[in-house]
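Please go over the structures that come below.
Look for chain A in each of the two complexes below; its partner is chain B in the first and chain C in the second.
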Partner chain A sequence: MSRVTLQGIRKSYGAVTVLKPIDLDIADGEFLVLLGPSGCGKSTTMRMIAGLEAITEGKLLFDGRDVTAAHPRDRNVAMVFQNYALYPHMTVADNIGYPLKVAKVAKAERQAQIEAAAKTVDLTPYLARFPRDLSGGQRQRVALARALVRSPGVFLLDEPLSNLDAKLRVAMRAEIKHLQRNLGVTMIYVTHDQIEAMTLADRVVLLSDGAIQQVGTPDEIYDDPANLFVAGFIGSPPMNFLAGQAKGGRFAAPGVDDLPCIGAGSLTLGFRAEDAALAEAGRFSGTVYEVEPTGESTYVVLQMGIHRVNLRCDKKFRPALGATLRFDVAGRQCLFFDSASGQRVR
Partner chain B sequence: MKHGFLQARALNVLFWLAMSALTLLPVWWMFLVSVRTRADLFGNPSFLLDVSSMTWGNYAEVLANPTFQHYMTNSLIVATSNAVLVSVLALLAAYAMSRYALIGKDNIFFWVLTNRMAPPAVFLLPLFLMFTGFRFGDWSLFDTRIGLILLYCVFNLPFAFWLLQGIVDAIPKELDEAAYVDGASTFTVLTTVIFPLARPGLAVTGILTWVFAWNEYLFASTLTSVHARTITTGLAEFVTVTGTNWGQLAAVAMLTLAPAVLVLALVQRHIVAGLTFGAVKG
Partner chain C sequence: MRNSTTGWLLLAPTLFILVITGLLPFVYVLSVSFFDWNTFAQNPDPQYAGVNNFRRLVFDAAFLKSLWLTLKFTVFVVLSQLVIGFFLAKMLMRDMPLKGLFRTVHTLPLMIAPIAVGATWRLLTVPGLGPIPHWMKEWFDISYILSRFPDQAFATVVIMDIWHWTPLVTLTLMAGLSNLPEEPLEQARIDGASEWRIFWDITLAFLKPVLLTTIFIRLMDALRTVDEVWMLTGGGPGAETRFIGLHIWRVVFPKTDYGYGSAMSLITLYLTIVMCWFLYVAMTGMKDKTR
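Entry: the complex of A and B
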């Protein structure tokens, strides 16, 4: 187990900066998820921690030890790759035992550790098989066992579930979380899937355009977003946004009546679909654009001026298209953002 | 429908039988010559084998001949050393080209390949002068096995490099990275990951370069005289001013052919796998 500290770490290829300087302190035994859209720099960050990409500037510390320029083999990290990166010419047992073989661990001890790691991820019956004879989920578990076997200081997982089907992904997600909790290891996990991030993480680091947008627990990120990007990225459906003007402590936008606000000038109001409640005397109104039943609830899409917003309603609720609906959102659930900078107004 | 299919299949089989016959006819003729006595050869030429008058005398004489044994040993040493050296060097070069950001990478690749395009005869005179001119005391590259091995490396490396480049490129880079993270050094990655995965390609490279070196005549006949003479050049020694010993010549030719055929037969499965390695992933 290790504490990982990133101090002003930056990455650029020639003149192109792909990761602006970031500072991050990952506690021993923490499950940290790097989340963001494609090209945001999350995988690059992980590869720099693994030692697979050179760090352009800044310092990387493991338990206070400077590993900025250390070779991957000298970092005591284990990594699970997106496409598993299993050695196709080796059996499952040889794949799992590879790090031990490289470390010249005696054969008997190696065998015992392979069996223990295989048992942890339920792979014991498959030890003699080759990766090509395994299903996606089993391959994934081999990659996990290979990472587990040498008790590394830090576990790095780069989108490990993205090649699995939806059902298996949910099952493996729970397994990974359970494993991390049981072993108490430091785990850094890269994903573009916000559900994975929310369900797994102790803390989420949300990245965009090579910069950290927010660091926080899943609840903090969801309930208290720092800017428009975070608010729009997290949640399904994403947060509703209404652009308007604030003057004298009141917010004005099409379909919004007399809403108190903080700040002034061009603001964007944000609220979540589940925080809106239909009310006869509600301060918001819009016409029904579309109705989307999901089984457990019904989402009603309302047209409000040029904006469309989602409301989560009772599963039996079926309003007529074009009908006018009024609803309300509690004051503390109305979040305001500066329209120009995108930053939260507090 | 079924009738048409059978007809097409029969035609296909017939075509390939005819092609095989055409290819194997000279070999068959050579074999016939090698198992006949001199008298039979000139008195009773025929495409058919007469088992009653067959003789292995030519083979026995050739195999007992120390000169032939020396030439055969030279050929085996030169071809095998060349194949091993070329395969190893080409794999290392292909790995470097595939994995590292080298300046002028494409140009290097093009330059290496174009080297192979020039007709070898063009280099004959300069090479002869180099082989005889560079001396360390009494020793020069002329008429040495090491000279031939190095020379064949020069001519075989571009082709081997080109062949292995595609094969190494097809091995996912993530495997190297996984091995590095698992604690491996570059050398360990090469020996435990790249080498086993490139084995079909290495087999093809090894065999083809071995055959090239085994069959080479032009340089071997010009750059060797006594000590390093190979079996292909030795064949010409059966043509003398007093006549040609056709029986022994054919026996030597058959014996020269044998190792190449044997090697190819043993590894032809790898050749097909190796040549299509890049195309069929997964």
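Entry: the complex of A and C
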């Protein structure tokens, strides 16, 4: 178990900076998720923590110990790769036991630890098989067991579920969370799937363009986004945005009447589909563009000027296309962003 | 039924050529090997001799010596080529200036006909003319005369073959190395394995198919080397570099001992097959053990 500290860590390839200096303090036993679209630098960050990628600048500390230039094997980290990275010529048992074998653990001791790790992830009946004889989910569990067997200080998981089918992904997600909680290890998890991030994380680090956009608990990220990127990235459907002008404490945009606001100039109003409520006297109005029933509720897409917004309505609600609907959003659920910089106006 | 007829018809030209160029000569050589047939003998007609030719082989010191030399030569060149080829492949895969030029230049020997390679090396090594004897004398005070010293002749033949064929090994290993999956190697680094361990446990396992193919090709080529050596040393001094191919040639052509030569060819073929089979079993068995 380790506390991981990133101090001004930066990565560049020649003149190209792929990761701007980031500072991060990951507590012992924390489940931290690095979230972001592809190419945002999340995998690079993880690979630098693992020691697979050299750190261009900055310091990396494990429990206060400087490991910036340490070899991967001297960091006591375990990693699970997206494609599992199993050794195809070794049995499941040999795969799991490989870290122990290179650490010269005695055979009997090794066997016991392999069996213990296999039991944790329900692989006991498959120990003699080869990776090619296993399903995707089983391979994933082998990779997990191989990471477990070393009792590492830090667990690194690089998009571990992205090769699994949707159903299995949900099941494995719960297993990983359960495992982390039981073992109490520090886990750093990279994903581009915001649902995965929200469900798993103690804290989410949202990255974009090689820079941290926001760090916070899933609730903070969801309810209190720091900028337009975060607001638009988190949530399904994404947050609704309406660009307009603010003057004298009032926000004006097509379909919006008399909405109090903070700030002035070009602002973007953001609100979530579930925070909008249909109301005869609502301050927002738009025409029905499309109706999308999902079973548990119905999403109504409204055209408001050049924007389209999603409203979550009752599952039985079926408005006519083209009809005008009025709705309202509570004041504290209306978030304003500076249209130019994208930053939240508070 | 119609389908299978069409299939056979389509295969027929290939099968025909294979039968003409492969099976018929083999059967012919097989049958000749049971005859005593020497056009210079008192009775130049083939006479049935049973397995006499094969019996003769077992006690033929010249043949056995030639076989031994061939094996020694093969082991030397194939092992050296694998090791040198691997390091060259590693080097040529690095990012460096003029990489393309180095890669091209290093494959040039492959494009030269063996007979021309032999001729070139002969020019290099002829005493009084070639630069090698001159500088060997000048720098190391060694009299380098291929036609006099068997060890020198053998070593030169080995070096010539390494020079000629290492690029092939480099090329195939480069193909194998560039297809190595990245993740298992990184995983092994994180698992705490040293670079040597990773090479031994992981890289070799991934390279095995390429290695096996390369070794087979080089092994079979080395076992039947004729023209380069014939051009460079003529099998000499004495019979010190007379490898099996050369030996068979001498028996069949200048001596016209067709039956005996056929038997030799068959035994050589048999030994080659057995060696390859052993190698295959050894290498795939190695895999089974790690299973």
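We take it that the second predicted complex is superposed on the first by the 346 of 346 C-alpha atoms of A that agree within 3 Å, B and C clash if a C-alpha of one lies under 4 Å from a C-alpha of the other, contacts with A are read in each partner's own complex, and residues count from 1 in each chain.
The rule we apply is simple: contacts are C-beta pairs under 8 Å (C-beta built on N, C-alpha and C of every residue); 3 or more make two chains touch, one makes a residue touch a chain.
Here the structure is a predicted model, which is why all the values come from computation and not from measurement.
Superposed on chain A, are chain B and chain C clashing or fitting side by side?
By the criteria stated at the top, chain C and chain B clash after superposition.
With the two complexes superposed on chain A, say which partner A:A50 touches: chain B (first), chain C (second), both, or neither.
both
Regarding the shared-chain residue A:T91, is it in contact with chain B (first), chain C (second), both, or neither?
second
When the two structures are overlaid on chain A, which partner does A:R346 contact: first (chain B), second (chain C), both, or neither?
So A:R346 meets neither chain B nor chain C here.
A:A78 contacts which: chain B (first), chain C (second), both, neither?
both
If you stack the two complexes on chain A, which partner ends up touching A:R332: first (chain B), second (chain C), both, or neither?
A:R332: touches no partner chain.
With the two complexes superposed on chain A, say which partner A:F130 touches: chain B (first), chain C (second), both, or neither.
Second partner only.
Tell me which partner A:P99 touches in the superposition: chain B (first), chain C (second), both or neither.
both
Applying the touch criterion given at the start, work out whether A:K316 contacts chain B, chain C, both or neither, answering first, second, both or neither.
After superposition on chain A, A:K316 lies in contact with neither partner.
Check chain A for residues that touch chain B in one structure and chain C in the other, and list them.
50-52, 71-73, 77-79, 81, 83, 85-89, 98-99, 102-103, 146, 150
Please give the residue numbers of chain B that touch chain A in the complex, ascending.
172, 174-175, 177-185, 188, 192-193, 196-197
Which of the residues in chain A end up touching chain B in this complex?
Going by the criterion above, the answer is residues 50-52, 71-73, 77-79, 81, 83, 85-89, 98-99, 102-103, 146, 150, 156.
Residues of chain C touching chain A in their complex?
Contacts found on chain C: 181, 183-184, 186-194, 197, 201-202, 205, 287, 290-291.
Write out the stretch or stretches of chain A touching chain C in their complex.
The touching residues are 50-52, 71-73, 77-79, 81-91, 94, 98-99, 102-103, 130, 146, 150.
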